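In the two complexes below, subunit A is the common chain; its partner is subunit B in one and subunit C in the other.
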Partner chain A sequence: MGDWSGYLTLILQGAWVTVKLTLMGSALALVVAFIAGLGRISGHAALRWLATGYIEFFRGTSIFVQLFWIYFVLPMTGLWAPTPMQAGVLALGLNVGAYGAEVVRGAILAVPRDQYEACTAVNLTRFQRMRHIILPQALPLMLPTFGNNAIELLKATSVVSLISLADMTFQAQVVRSQTGNTLLPFVTILLLYFAMSSVISFAIRRYERRVTRGLDGVR
Partner chain B sequence: MEWDWEFAASIMPQLLAGFRITLIATALGAVVAAVLGLVFAILRRSRNRILSRGTGFVVEFIRGTPLLVQLYFIFYVLPDLGIRLPALTAGVIGMGLHYATYASEVYRGGIEAVSRGQWEAAKATNLNARQTWIHIILPQAVPPMIPAMANYLLAMFKETPLLSAITVLELMNQARSVANSSYRYVEPMTLVGVMFLIVSVISVVGLRWLERRYGGVGK
Partner chain C sequence: MDQPIIRIQNLQKSFGTLKVIDGLNFDVMKGEKLALIGPSGSGKTTILRILMTLEDISGGRIEINGEPLYHMTKGGAELPADEAHLHKMRRHVGMVFQHFNLFPHKTVLQNITLAPVLTQGVGRAAAESRARELLDMVGLADKAAYMPSQLSGGQKQRVAIARALALQPQIMLFDEVTSALDPELVEEVLEVMQRLARETDMTMLLVTHEMGFAHDFADRVLFFDKGRIVEQGPPDQIFTAPQEDRTKSFLRKIIAAGQRV
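So, the complex of A and B:
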């Protein structure tokens, strides 16, 4: 039992990798979600088709298959050989981004039509309309679902342990195989995962309260 | 690396054998999720505060931690406590338990959508709790839930590759064993992706039909 602190350090190192993956994956997912979400409601048919194809493809196959495809198949095509970390962030970002794109689209379409008409009336450009009128009203609608998506992303990071990236789940497996103790490592990481997802939902609720301030009675 | 049709055709029987296990696991997992989800939903409505709070916490905990780790927990920790399960059974229980927490939210939404008058009418006609649930509440609450449930069924189907991590020989595991023995990743991984895509594209069409048939209630 004396070695337990050493094993705990190992798991905490894994936890740091999980946190990094979650943050980078979420950042990529957010960018991709806005690009694809805006693409789906764009005026250009080609952009719309491209965005729809991307969304359907990444929502239709599982994160596991996408990760393996990026990590094992992509290098064989000779294009690019990602490191496990790059493959993980890419797969997580693209997968969750596809779900996020639908959220972005839904929220923007939920802004009432008269807001658009008012923008035309006061002669705003398309960019100004998006930046100052539509997005500030659409963002609060997106946040709760984005929070859920971030938690789904955190949970999905455990899959990268299967391409031997040393995240929390991977380290728990290492501890299990070295000590033969199963209960302690798995209970530890379950608690850590739960703590992380609680932090995400708490942070989203705080941020939600900030952006909805002053919107009472508008909707 | 080029695509080899002959090789692709030669590995199809093995992949289809895995696909059969994938479908079996999904079907059994769905049954477990549907039954356990209802149990969670009813316990959460219990008037006993300890019972309802306790269930609420368990549901939140399971939702906040990765399915992969839960599968490891069932597969590696339970045998140490004297419960030895075959891999497929462990997988079905893990997936069923995980998705039961999602299903319980759908049940909760559906049950809360049944108007108060129905409960009062059941009381007025002197039905006991069991009769109220079976004859009055559930027949009205279940149909609006069907689209949301089907959505989670599809999500669960896409998570089945995780079962390969606990040695279930489903589609993804068959593909990995082909890849490891032949050193060809392109065909097996791509075929797995295509199979998932085919099933989910068909399912999306089915989902749209369900949504039209049963309406978008039960959210």
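So, the complex of A and C:
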């Protein structure tokens, strides 16, 4: 057991990969969620169609398969051969982004019609209406579900171990096979995953409090 | 005589198979104060919403300052108005809603300055000083930094009036602006509107169930039923000597309900 600190370092290196995947994947998911969510309610049929196609496809297929396609099949086209990290971020971001898009759309549609009419009455353009009136009111409605999505994404990061990216779960397996100790590495990563998801919950809740300030009594 | 500021010709509006406005014609002269009264479902609110471009029309024609609202001329042909045309025409019109429709995430001051800054290119400082003047006029100078949720209904409605005025429209539409208020808050809103009617030459169209106020406020009263004007004239004539049976029976019901006319 004397080597345990070395093995812990290995797991912590994996944890750092998991954190990077979670942060970059969430950032991509957020951007994609807004683009596709707004596309779903766009006035242009082509945009609506494109957004719907993306959402249905990425919600309707397994993230494993999506990852394999990005990592193994995409390079066969000769266009681009992503690194394992790039493939992981892309698969996680596009997959969770598809769920997020429906959250964005739902929250925007939940802003009362009154608000749209007030915007027309003061003659805002569509863009100004979305930017200044609708999105700021829709954002507080999105946050709780975004928090859930981010936690789902964190937990899904372990799929990258299948394309030999050394994330936390991957490293725990390595430690287990080298030490023969099953309990210790898995208890360690259990606690680490839980700590990470707690950070996400806490951060979202704080942000939620900030953006809903002044809106009390409205909802 | 000058050309009317609003001209409505053979206006039609249906919701599905339900005809709410059926061949409506009337003109409004600049500076006129009109009260639109009638039973609910008679189409009066729909007319205001059409003038604010919140509803599309099913037929007919509306002109504001001689320019068609729902039509535009392009290459010699008259086409249905696009969003750019509507945007241009909306500058002439402002509206105050029954349920205020303030922006809940903006302060009172921001509610008023937002549109002038974004749509009219007014500088922030100028917009704010104008907003403070307007708040002073509606008696809410001390509430500039409040959020709408901290105000009473009457105060919200006065902010909504200030917000509409900040854009300096030529035509103001008031859609049952006191219907959602507790009775003791109605007076403060009516007072503001009365003062506006006296002190400005804005054209105003008012849909209301407050007959007493319609009497004091309006130059002309239009009584609507089933999407048509049944009778119109100066308030004294409509309220004290109505000619049409439907007007008489409507007013009788209102009086029976305890209202002053």
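Miscellaneous remarks
Rule of thumb we're sticking to: the second predicted complex is superposed on the first by the 219 of 219 C-alpha atoms of A that agree within 3 Å, B and C clash if a C-alpha of one lies under 4 Å from a C-alpha of the other, contacts with A are read in each partner's own complex, and residues count from 1 in each chain.
The rule we apply is simple: contacts are C-beta pairs under 8 Å (C-beta built on N, C-alpha and C of every residue); 3 or more make two chains touch, one makes a residue touch a chain.
Everything quoted here is computed from the prediction, not taken from an experiment.
Three-chain overlay on subunit A, with subunit B and subunit C fitting side by side and no clash.
When both complexes are overlaid on chain A, the residue A:Glu117 reaches subunit C alone and has no touch with subunit B.
When the two complexes are overlaid on their common chain A, residue A:Pro136 makes contact with subunit C while staying clear of subunit B.
After overlaying the two complexes on the shared chain, residue contacts for A:Ser197 are found with subunit B alone; subunit C is out of touch. An angle of 110 degrees, to the nearest 10, separates subunit B from subunit C at the C-alpha centre of subunit A in the overlay.
When both complexes are overlaid on chain A, the residue A:Phe186 reaches subunit B alone and has no touch with subunit C. In the superposition on chain A, A:Gly6 contacts neither subunit B nor subunit C.
Contact with subunit B, but none with subunit C, is seen for A:Arg176 once the two complexes are overlaid on the shared chain. Residue by residue along subunit A, subunit B and subunit C are tallied for touches, and B comes out ahead.
Measuring only between alpha carbons, the smallest separation of subunit B from subunit C in this overlay is 25 Å. Overlaid on A, the two complexes show subunit B and subunit C touching no common residue of subunit A. Within the complex, the subunit A residues that touch subunit B are 56-57, 59-66, 68-69, 72-73, 76-78, 151, 154-159, 161-162, 169, 172-173, 176, 182-183, 186, 189-190, 193-194, 197-198. Listing the residues of subunit A that touch subunit C in their complex gives 114-115, 117-118, 120-126, 128, 132-133, 136-137, 214-218.
Subunit C contributes residues 52-54, 83, 87, 90-91, 94-95, 97, 99, 101-105, 107, 114-115, 118-119, 147-149, 163-164, 167 to its touches with subunit A in the complex. Per the touch definition, subunit B reaches subunit A in the complex via residues 1, 61, 63-70, 72-73, 76-77, 80-81, 158-162, 165, 172, 176, 179, 185-186, 189-190, 192-193, 196-197, 200-201, 204.
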